[in-house]
């Protein structure tokens, strides 16, 4: 990731540095985040207003070369396009935030006592307050569940948030414990989940980014080396593309495998017979057999 | 003169009954076959040596077979196990079972292997290991097949060729692990052959001969074993010998946990067992050389006195019997040491092996030559030793002097090694901690957890 | 399965026409601890590049979890890290208990701790055995197996199984300890320090062992944290992190034990850390035995296990590192998503960093010191 191109504008009106005694690097980072965010918001607003479809915004923004900003704008454009096409049918209001229970589960267990899960908004936590100040609306919510803190962030800013948590936040999360994903087919989305841990503060934090199925997310390989294999596994199991990953190959499944097993539509007993016959040489193929296996 | 005599004893000892047997045989054979030979010559140079070789091969093969059993039993003993005990009483038929198993296994030659060389390699290994057996002094008189006057050089050169079998086998397999094993083996051979050769030079100062029987006779005439005079040389020889036989902790060529099987990864069945036999035969050979050079071979102080007590008719037979027994015990002790080492030490790494060879053993061997030569000349100038027709003679003062000097020469050698290796990264690994600190951090506990 | 590294590359800057050799170590290899395949690019014997090929033992465990009822999932965990089945089982039942808010009776907690620590001992003994074997010390292998056998006998009495031990239920234990349990564990704990000294006599002062482990596979504390290493590989680099101390589960908060910390981050320090951990485990076991309370071993558990909607991440300190479990529930009787954080998987990712530039023999030593188990990596 070559996001080291420093933004030149120091006019960071909105960005409030959480720690007052921020170093020069901190200030620069804040500036960059604020600038990028403002730009993305502007692009999004413009696109929604004009109702144009997914065209590359060749706007004459000053720091177009900042890769992260470009991708963000593109993602925003895609989102806008979807909204314009009237695709908001199933998720009418854009994702009511704490509605964790998928429709399937709700249908299956309707007579449950506790209707609302115990997601409690975090109020008085200096770290979360600082994060909210720095990322504004990009943090969708910060809640606790089972006593564990969860931050939901828009996928475009996930990398920025994680970078911030790793290097700039008051509690520096120096260890990436896990990266995984959860598939929500009814929302046509994945939740990419980052489990963070700070050794010095002995504190855990979970960062979640809800990612539409057709969208990719930025890698955090260069922030934590641990992400390399973990992201490969997420790619292998869910088919989520991590942009900027140095070596995004399948890791547990062989190259050429069809499908992504941990997606909900992938049946448990599915076997891609063509691959097995071609590579393992252990399958006797009856005449006229379906070699591709069956998705339901 | 003594060497001349030994020559004659070694070759012209065929008993009379054998000669008469050959004479009867000649009568039965066609004339064109026997016309150029006298029965005596044929007996002495063909029939008797062949008989000896046959007996010797039989004995050595049995010994090698039981050496594998011994290895397994000793290792079991070291590792608090039982070891093989199902095949025959105490597992004594285990070697036979192993041999049969290997014989009837499928003999695989890899598809892409160089078939000729692949077949040839184990044969080279085994032949070289067996040829050496011809010049070993198992005992006085009858108990030695031949006694050539360059016996020690012969052994060194032939065993060098033996390593060729390993290299060729590794190369001909056309596979990567064997290739790495062969490469390691060749490097190891070059390094440790040199160390062995040099350390033997210091022994030669006292033996005055290359003949294996001559070396034993030299110790017999002095009444001491050369290990007393040549202690540093013995240590160097022993370490190099383990490396030379490719045994742990120097078994890099077949390092099981790294190279799967090393040079014999692709070998199976009987070809593999031939390599196996060659390895164990080499062990016997190397221990025999060590016993001959440093531990007096078949000679034990006092055996001549015991023989002299017996009637003259039995004297020679008793001497032979005692000699062979003593030789076997000495070889067995060294073999046991090899086995013991193997099951105690982890394996050296390739570069550490080279370092040990070139930075420890080579300087030690070279320094030892200089020191031994100096000591010898000093002793000669002091009149403690003199050479009579190629044989050393010395009184007890001389023996004490050389023994003390031999052990003392360990210290300058160690000082030299220290000077050479002091700056090496791996010199003082012992200074590493062998205990480690415990955590003193006070961890902030999660809410709801009560502290201890 | 895939060849990421070209088979042969020429590099012209060397004096001779040198070719790099690609050596495929595994999946059938004596010292890759299972079906790990390491593709080595070698310059002579020096490792230029390295790639791990895993997945030969992939069973789709996480997919299976999503289609099983909660009580049915537990036995699958014993098959993940089959060397440390008890720790894995503990991880699962604790996670579900945490999500459901079930209280575990104290006796069950202490029994769980005793069994988990015994399992840690057996896992560490197996590590010691194979690590020593990789470096060529065959005798240590069998010595360690001798003691492991004692533990497995206790396990067999307790669980009815030696390898895939399983007696933890959601809410406690299935059954109480058998009558001679305490005496047998105590007998083992009396014997164990002497045996540990025996291993250390063979290894700690051994010049060859030191030569093969000191300064091999060094990883700095920063790198170790960044790579997400946990367990002995992390502590060997001097980072003080142990889940048992950081967020104590079961009754670990009541027990007094220490966490050994290395300094150099090399194979030798990892070795020392694990050896000391064994001593500490014994301490924990003895303390837990002393305090073992009476009472029931199974708490109040609903007939049908139904985890309330929500999510929970729980971790325990397994023998190989931090075992984490992330449970997302939709309120049903099956988990919506159950993700295991495999300690070995993440530790193995550090192999590349540790082994490049070393010799083939060191790769073997480093794999041994990472203490991986492929059942857990591939899941």
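Think of it as A, B and C in the order they're written, each chain with its own count starting at 1.
Just so it is clear, a contact is a pair of C-beta atoms (placed from the backbone, for glycine too) under 8 Å apart; a residue touches a chain by one contact, two chains touch by 3 or more.
These numbers come from a predicted model, not from an experiment.
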Identity of the most central chain, Cα criterion: C
Most distant chain from chain C, judged by the mean position of its C-alpha atoms: B
Centre-of-Cα separation between chain B and chain A, whole angstrom: 68
Between chain A and chain C, centroid-to-centroid distance (C-alpha), Å: 30
Distance from the mean Cα position of chain C to that of chain B, given in whole angstrom: 44
Residues of chain B touching at least two other chains: 443, 445-446
Numbers and ranges of chain C residues touching at least 2 other chains: 240, 246-247
Shared-contact residues (touching 2 or more other chains) in chain A: 202
Of chain C, residues touching chain B in the complex: 21, 23-24, 29-31, 45, 132-139, 142-143, 146, 200, 202-212, 214-215, 240, 242, 245-248, 253-256, 258-263, 268-269, 272-273, 276, 359-362, 364
Residue numbers on chain B that touch chain C, as the complex places them: 75, 78-81, 176-177, 180, 184, 248-249, 251, 255-260, 343-352, 425-426, 429-430, 432-439, 441, 443, 445-446, 449-452
Footprint of chain A on chain C - complex, ascending: 1-2, 4, 54-55, 58, 60, 62-64, 67, 98-99, 223, 225-228, 239-241, 246-247, 306, 308-313, 315, 322, 324, 326, 328, 330-332, 336-337, 339, 341, 345-346, 348-349, 353, 378-379
Contact set on chain A toward chain C in their complex: 100-102, 104-106, 108-109, 112, 114, 117-119, 145-146, 148, 150, 174-178, 180, 182-183, 193, 195, 199, 202, 204, 206, 224-226, 228-230, 233, 237, 247, 249-255, 261-262, 266, 268
